[in-house]
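In what follows, a structure is listed as structure tokens, so that the remarks can point back to it.
As written, the chains take the letters A, B, C and D, and residue 1 is the first residue of each chain.
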């Protein structure tokens, strides 16, 4: 039985980890910390957990965390980078759901997150935890940087196109849309139901923190610098990301090969589902599940290939992928605790 | 391994049965019928089931159904009453999620459903499947009439009040609210997102089909005729029912005893959660789960006791309760396949 | 041209006043105050107003407000009671949309609002601004206390029943449901889209601030003490209130007279629409409009009369009623600026 | 007073025309036809219109329509092309909100709409009614083809870029998102609240009927063949379109000139609002209003210019633009009946 701790458990990522781990047969959550809610039973904050956990939030305490086999960080950026070095030195393995260890270029990190990075050593050693790209490295990692939600949907969708070299890596567009839970559980006026419940907008269109992560990931996949334009949008729903991806085929005739290429690339992936060409994946088809579903399109004889890719931002885009990474790290069946179908309607 | 069949599987109740049974370790779904969709793989209609079921919808065929241990009916009213007699004669056990066998007075049934009842014998033998009231009878039943969604939330909330005789049974009010999935998956203009997505209304305020079912159930519990006013409302959400119940205490001082009364009544019930007095149960706290959560209130020294009771209409109000009934009928752990936490946010 | 000021204009009531007054031919908004947003153009906060107002928020300044003919208070409770005396002394007329002057019993006010009332004189002189009850007094009022949203929907629905004496005033139940804008525009976690976007719950079931206002209003109408139970609920939509009202007929046969009674009572009311008996008013049918629509029901031969009453909480429940009161106070056509149809779909 | 008729008034476009015309001082609606609802008062179908119209739907009758000064067609495709020739011969002026007269190439029309076009003469004579492009022609037109919703948002956003020749016309991408009212008011399962209320997806990604209209319009603006990829998406809200447009600057340095270019291009347009560079227009900022709001972005030093453009699909994307066209055709103030602010929150 893996003894797991969660640092920063009051947000949506925290409660989603608790939901998924409640039915995981090989894990027990031994502590969950929150500075602001210390002492409060988790089931008082999240009544869906009544009857599932007796646990209360506790003050973050490094000694307690050291007794865990694995610690998940579900904190704002800047927290994990300060606590991780001591924990890993004590032999604790880490899955960090925050952005602290996702970028390799620390000056880029500092620019986007507005503070210097304090753990260069571990930023270098951290494994970027996209299992479809880095499963072997994840298996042996001490520290896994769990990918962001948008970067997960976007990298998986572009993956076969860039690996195969069939598209122009300097002309990538990712138009992505997310439900409101992606903004977290904080009392911001801009995220009130009264503000966004019946409206749609782009945001971060001049630059969003996930842009450098996407660029780094796609460049690694393409083994070349890519140029990617990424515009996120806010959808009046709670969960789900859809990314519509546009790439230019070097040879338009190659479009005919793409469906097979995608299916073969993901054949052995338990959580990537390539739907028949021309399908339109719905976010609800992955709601609550760890799957990424995608489908290919093109319009008439255009040289533009279109990929629509959907995930649940809180599952494959956060807590589910973290559990998947844990399963890999601890040599469990990769789908353990993640096998329930998505939640529809 | 229980071999289960589903008749009428294209609606929301059908897909919810499939979702729940996908992770149930003791059941295999051997057939699912649909006249309109025969031949179509279920995963083509419901993409959340891709990878979980290879099954396709088939024409309803009595011989095939006879090979099942259990058949769920998820059909419009009027279907089960015609097919059940032959199946039970063949030894198949039945959980009917439709309204066909819920009412004991067949003239009342005929009035509300607009057709004569065709199976008086089985209407009499059917066990009304509210486990919190009739667990023993369900265990041995050949045919279980699975309760309606509103009647489940309302009967559970009034249960301790009527059993204890502390309230006036002639002055009960049930003001209930449901998400849109309660209306089923049919192409009605009135249920379009464009019509109801940002609106709220009462419906059936002069009389709804669940009224006689509620009255019959509450009268049985009270062992006396009750008078109950029931007004349903349509909420712009997909799942969930909240019922606010009003009853008049014969002796206002008895209010102080109610919290304990409720807690004791439901102490051994795996799916009824009495929250602390003064709580406000949210429908999302039971979304996707088989729980009914409830809480008690009164205003100043009023003699009116208020109960707020929530369920997921598709789970405890339909497919989940059907699985619970199946578990009881087949002497399984009652929570088998129903132990995942609700889905929040 | 009436010169109007608005104190506390950043909330939903403030922007709704601006929306309605933008097309009102007889009013000009000369100042709108906000401590927190002073200096910011209103159209920067509310882009729907781009092109309609050049005005910026200003610091609240009594001297500037004294130059207005009318001042609307759209402030939290406790603000108007401190500023009103000086303004009325200067001859300014006031429509207070806050709760400060709604209750006549100041000890009750102090209990519910958690502070002593500081303007007993004006609390007594204030006219409770429900035009359907107090039109003549409003016409000459210096200070109008604009009714709360729930109290408006509930009082109008009970009005003919209580005036006529046909129902038992000691057994009234008001089960009311509101969209999220009723909670105002503040960064509360509990009002995030992620929290309430796909959920329904009761709140304040043990006592809500609108209860004493409702009780005071209904008692005045009934000319007797009433006992009323009031439970509000939160609907995952932005605007709209539906109140389902239950009352016990002294003589059940009187139900047949009620439709005519209601129609006659409201025949000359420009903003109350009695729909045909058995109708189900939708909140969207009044969205953006100053109307209250209602309809009558009963179930079989019950002695319970059911009234479903809908308003837009920001219009007839706040800003629209304030404009209606202003129209009455300044002897304008009562529908001036309020004649656009509701917004559907 | 202009005497207007509406053919096909039961859909969302029809009720929106009625809502807007209810407050238009220069128009009276003398007839509204519907085959399916003939005889039904419009206010029975649309309760928001109670008190505003006494009119009932009537059978479509050419003689009655001939007595109108103007007829709006709010019909499915294929209807207007059969009725228009006789009406225009009788001197009636037409604004056709359907797709019948939008495309000049009738073989393209036949391909996308699955039937031969029956009125080649009037397809040629029809003026494509985008006032920002064709105001003078509209003024004198007998027949105006009112643009589609997506084409309106997309053409306005690309307009200054293509007119100025600053971008590559062979690499245009329009990623557009629409609320559910765009699919009309028909009982389709796929548009139920239960299906789409909490989900997001692309649709028509391999080709949508608005693609040839967009291509025709952009090519006319660019005075060259354009290549445009257009992917529509369905947003779980009722009204609103947001289009995120991507174009490649021939010279990246030109980006600095674009804000001024856009502001100047639309300076005299009453319904196009260029927001400050870097803004994110929200669909709610135009809900119920005839405005198109847009803003410019680019990411770091990219050569991709991003335009986010929002409209209300039922107003500027349908009924509002039809009223605007009518105002132009009858030499009224272009904003007559269209001056109310958008509806927020």
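Here is the rule we go by: a contact is a pair of C-beta atoms (placed from the backbone, for glycine too) under 8 Å apart; a residue touches a chain by one contact, two chains touch by 3 or more.
Fair warning: this is a prediction, and the values are worked out from it, not measured in the lab.
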*Using each chain's Cα centroid, which is most distant from the centroid of chain C?*
A
_Comparison of B-C and A-B by number of C-beta pairs in contact, larger one_ = B-C
*If you average the Cα atoms of chain B and of chain D to get two centres, how far apart are those centres in Å?*
45
*Interchain centroid distance [CA atoms averaged], chain B/chain C, Å*: 38
*For chain A paired with chain B, centre-to-centre distance based on mean C-alpha positions, whole Å*: 36
*Taking each residue of chain A in turn, which ones touch at least two of the other chains?*
12, 179, 181, 185, 194-195, 197-198, 236-239, 281-282, 284, 287, 345
*For this assembly, give the contact graph shape among line, ring, star, complete and other.*
complete
*Show which residues of chain B lie in contact with chain C when the two form their complex.*
171, 173, 175, 177, 179, 194-195, 197-203, 205-207, 211, 227, 229-231, 233, 235-240, 242, 244, 246, 278, 280-284, 287, 297-300, 302, 304, 306, 308, 310, 345
*chain C-facing residues of chain A, complex*: 12, 179-181, 183, 185-189, 191-198, 236-238
*chain A partner contacts - residues on chain B that touch it in the complex*: 12, 15, 18-19, 22-23, 46-52, 181, 185, 197-198, 238-239, 273, 275, 281-282, 284-289, 291, 293, 314, 339-345
